[in-house]
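Both of the next two complexes hold chain A, though its partner changes from chain B to chain C.
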Partner chain A sequence: MSATTGQASAKVLRLSSARRRVRAFLEQIEELEAADFPHEDGREALAKIKEQFLIRRESLSRLPDTVTDDVVDQMCANTSMTLSKFTEVLGFILRSTNVRNAFEVHFPLKRLIQQTIAKDAKLVMSSEWNFVPFTWPMNLPLLEKFVLVGGPAPESSNMLIVPLAGHEIGHSAWRCEEVATSIQPGLTNAINDVINAHPQVRDRILEDVRRSGHDVSWLQHACLAFAIKQLEELFCDMFGLYVFGPAYLYAYEYFLAPGDKARSSLYPSSRDRVGYLLNGAQALGLEVEPDLFDRWIDSANRPGTSGDVTLLADKAVRQSFEVVRDHAFAFLRRANVPMCSAEGIERVASALSRGVPDGEGATLAEIVTAGWRLLRNRGGLSLEDEQPEHLMLHELMLKSVEVSEFRLRVANA
Partner chain B sequence: MLSSNEILTALDADVDAAERLTVVPCPDREAIRQREATSIDLRLGRWFRSFRQTQTRSVSLVAQAGGGLRDGTAEKSPTKQHFVPFGDHYVLHPGRFVLGVTLEWLQIPPCFSGYVTGKSSLGRHGLVIETAAGIHPSFSGCLTLELANVGEVPLQIYPGMTICQIFLHRTEPGRGGNLGDFSGRRKPILKSPPFDPIFHKLREPI
Partner chain C sequence: MGVLAHAPSKYVLTELTLRSMIELERVKAGIDFETDVLFQLSDALLGTSDADSSAAPFRFVEPGYFEPYERLVRHADSVRAPAIGIIQAYIKQVSDDLRMVASGDPSPVNTLIPVCVALHQELINEINSEDTFVGNDWSSVGESAPAVVSEA
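Our next item is the complex of A and B:
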């Protein structure tokens, strides 16, 4: 109590606020527990989060009044940060129960992550109110075994963009395989070569950053950071391309065409990226329409030091790309992940065009590739009077996925 | 009514498309042959649709002028969809009703029609499926099932369990089947009845 006002001290009130925030969070979890979960993984993720927040509530409630202000501040700051992070995750888990999602796809994607990432990995598929596919690739402290993958909410029932989940799952593979560590020595050499080969750019950068007390090692680190992020994205592209074949390219084109002028240093430029995709497709022997990425807009580097660093990172990425590409393909081959078979795609396409699902146990990749081929052959099915046909195509693809699950479960029982 | 041999012939992929019966996933042909069944057993699918009782005052069972059988009707209806994974179950309480769907996607050729009946073993526990629902020639899609518990205890129904059977008849084919139409769905559908001009006239003041 304050000696003058009779009120509790700021320390006590601050601690009390933290306790109430955690209690409100736990009450929210209890409400979510009553939701209809389409798959157990979402419920398990919720249970894990709840378990940790019960421990946090206990820790907060046991703090004695004699605890120092510093400890209270630290506890409150940490609680706020964790609440902020996991409120977002709770929203994600809640949206995973929405019936607009293509629930049928969970089974084959979970098999993919268990085959490639970890046998006991879990998958929560959901959606975001953000027009980008995204993932938490087993990087949440309370959910180490969970891959969380989401697409934009308006597209969450769209089977045709499922291949982009392949890219997102690739981020988990990148982490589990520790690809960054394995490529770093070669990449570091490539960066040094590039810096030495472009003295004018190097000197321009150094002249600028020396004012902030930085030297060439700063430049090396900055290039490495950009190049590693870019190569991670390319690894994930190669992952999606290997697993989903041409459907990955179609989904990519659907989502990003005709490219974007805005450049992020963490991604290759938009035209470089489709160039890498076509290179990967060629290495895999995939047939791609030559005009798929025609008139693709390039994203230009920003002027100034940041753009110059990106320019050097781009050149190092170019030198290292094939190593990363082959790493992704070799990793998937070792995991026995099959590529689409032309016969499988043809069989599914034949069934879909007859108005029936595939009943022979096609892979997810074969189904979605056949779907894309039919859609493209029919001119895109975007006109108003083509909506019934478009809807039917989705229904048949999702039913084909379900039938494959049925067959697999019966065969493995 | 089609015999087991006729059913097996119709299920053959090599038969002429106009006479081909498609059931995906394909039923156990050996079981049909062995028990000389004149019907095909169908399994329960994973999607259900229940009514939102708390938000619904009443639902008109006649179509309004200008209305129709658009697929969007079901989406805007006062219903809630549920997805139940394999291995899990849906509890249908006494007196309650839910729409289910067959796991199988059917494509009936223009020369067949049929009807669906429940399994008597389930009926004896109080699970009633709309009796003798007709299936028209050229139907394509999963069958929506009207499931009601008229018994006295809650019933657990499982996706993948055998839920009903279809009997098939040979029919004089019409001029054109609608095998090429795009009405098939994998989820239970709640359609409005078609617009009835005679009924509409009866409602008009004279």
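Our next item is the complex of A and C:
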């Protein structure tokens, strides 16, 4: 209490606010728990989050009366940040129950994550008001064994973009497989070589950063940070490519053509990235139309120091790419993840073109690849009078997935 | 040690730092405290700062931690831009001090609390500067340069 006014101090009131906010969050979870979940994974995610916020509530009660203002400030800042992030996650989990989602693909994708991430891994899929597919990083301690994949709401019934979920699951695989650890020695050597091989660029960067008191160590760390993130993205691309075959390339093209985005240092440039994809496809022996990425426009690098560091990181990535590519493929082979077979794709495509679902138990990847091939052979099916055919194609693909799931369960019964 | 093998995420490190602050406050107040979290933070600090550079041509800390640790050392020692060896030595000292308190010697507690406060603030800043959907950004449109470069 304030000695002069008798009122509680700002510190006490602020802590009280944090406690009330945590309580409101926990009450919200309890309300969400009453929803109908088509898959139990969403409900289990809620339980995990609840468990951790109960610990936080306990932490807030452990502060002694003598706690310093600085620690209270940090406690409140942390509570705000965590509530902010996990309010979004709660919304995601709630929307995963929406009937707009293609629930049929949950089971095959969950099998994929259990084969590659952990036997008890969980999957929560949702359609979101986001233009692009995304994942939440798996390293959130609150949801350690969960993979959260979101797709854009307008595309929620679009089976053809499912391959992009392969990329998202790849991010979890990257962490579980600790790929960064295994590539680190080679990558640091590549960075060192590249920095030494480009003395003009290096000196230009160092002249700039020395004004802030930095030295070559700063440059090495900046290159390492960019290159690791770029290689993670490429690992995820190789993951999606291996699992979904050509369908991954078609879905990628669908979302990102014709490239030409503002350059991010955390991703390879547009043209480099499709070049790496084609390299991966060739290594896997995939048949790809030679003009698939024709007229793909490159993303321009930033000017100045940021662009110079990215330039060096790009070169180190180029030296390390094949190691990462082979690591992804070897990892998936070890996990016994099948690649889609040409025969399977052919069989599904034949069924779909006859207006019937596949009844032989094709994989999700084979079904989606066949769907893409049919769509592309029919010129894209985007005209108004082609809408019924387009809708029928999607229905047949969904039905094929259901039939495969049924056959699998009967076989394992 | 293979730092990248078991290095915790920034989120985990932030949580450990926060919980350690609470326990350190309890040590200072002379009431019971939990030792586990202090040991965990001590290990996490080493795991993110003491990279196995035996096969590498230069010393480094876990990617993503150079900036917050570097600013932490600058904040503590008023060094303009500490060398990597100074950063690693400083974090090692903090790690050792945490272990000392957890083992029953409260003497470093008054210096550790402000260090944890500063570290926690740095980590919060780092996390808040990253997108929520860090796992992926297909479009990459309008992404700002990471702090590691924009600072220069």
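We adopt the following convention: the second predicted complex is superposed on the first by the 384 of 413 C-alpha atoms of A that agree within 3 Å, B and C clash if a C-alpha of one lies under 4 Å from a C-alpha of the other, contacts with A are read in each partner's own complex, and residues count from 1 in each chain.
By definition in this document, a residue touches a chain if its C-beta (ideal position, glycine included) is under 8 Å from a C-beta of that chain, and two chains touch if they have at least 3 such contacts.
Note that the structure is a prediction, hence the values are computed from the model and not measured.
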- Query: Should the superposition on chain A be reported as showing a clash between chain B and chain C, or a fit?
  - Reply: fit
- Message: Let me test your reading of the model: by the given contact rule, A:222 touches which partner, first (chain B), second (chain C), both or neither?
- Response: second
- Message: Let me test your reading of the model: by the given contact rule, A:103 touches which partner, first (chain B), second (chain C), both or neither?
- Response: first
- Message: A:39 in the overlay: touching chain B, chain C, both, or neither? Say first, second, both or neither.
- Response: first
- In the superposed arrangement, does A:392 touch chain B (first), chain C (second), both or neither? first
- Message: In the superposed model, which partner reaches more residues of chain A, chain B or chain C?
- Response: C
- Task: Answer with first, second, both or neither: which of chain B and chain C does A:130 touch in the superposed model?
- Result: second
- Task: Classify the contacts of A:405 with the two partner chains as first (chain B alone), second (chain C alone), both, or neither.
- Result: first
- chain B versus chain C as contact partner of A:171, first or second or both or neither: second
- Message: So in the superposed three-chain picture, is A:355 touching just chain B, just chain C, both, or none of them (first/second/both/neither)?
- Response: first
- Message: On the combined arrangement from the superposition, state the nearest Cα-Cα distance between chain B and chain C in Å.
- Response: 28
- Is there a shared patch on chain A that both chain B and chain C touch, and which residues make it up? none
- Hey, which residues of chain A end up touching chain C in the complex? 59, 62-68, 70-71, 74-75, 77-78, 81, 85, 88, 130-141, 150, 164, 167-168, 171, 178, 180-181, 184-185, 188-189, 192, 205, 208-209, 211-218, 220-222, 224-226, 228-229, 236, 255-256, 261-267, 299, 302, 305-306, 309
- Contacts from chain A onto chain B in the complex sit at residues 36, 38-40, 99, 103, 351, 354-359, 388-389, 391-392, 395-396, 398-399, 402-403, 405-407, 409
- Query: Which residues, counting only chain B, touch chain A once they are in their complex?
  - Reply: 17, 22, 24-26, 46, 71, 81-83, 85-86, 103, 105, 107, 140-142, 160, 179-186
- Note on the structure: The chain C residues in contact with chain A across the complex are 2, 4-5, 9, 11-12, 14-15, 18-19, 21-22, 25-26, 28-29, 31, 51, 53, 55-61, 63-64, 66, 80-81, 83-84, 113-114, 117, 120-121, 124, 127-128, 132-143, 145-146, 148-152
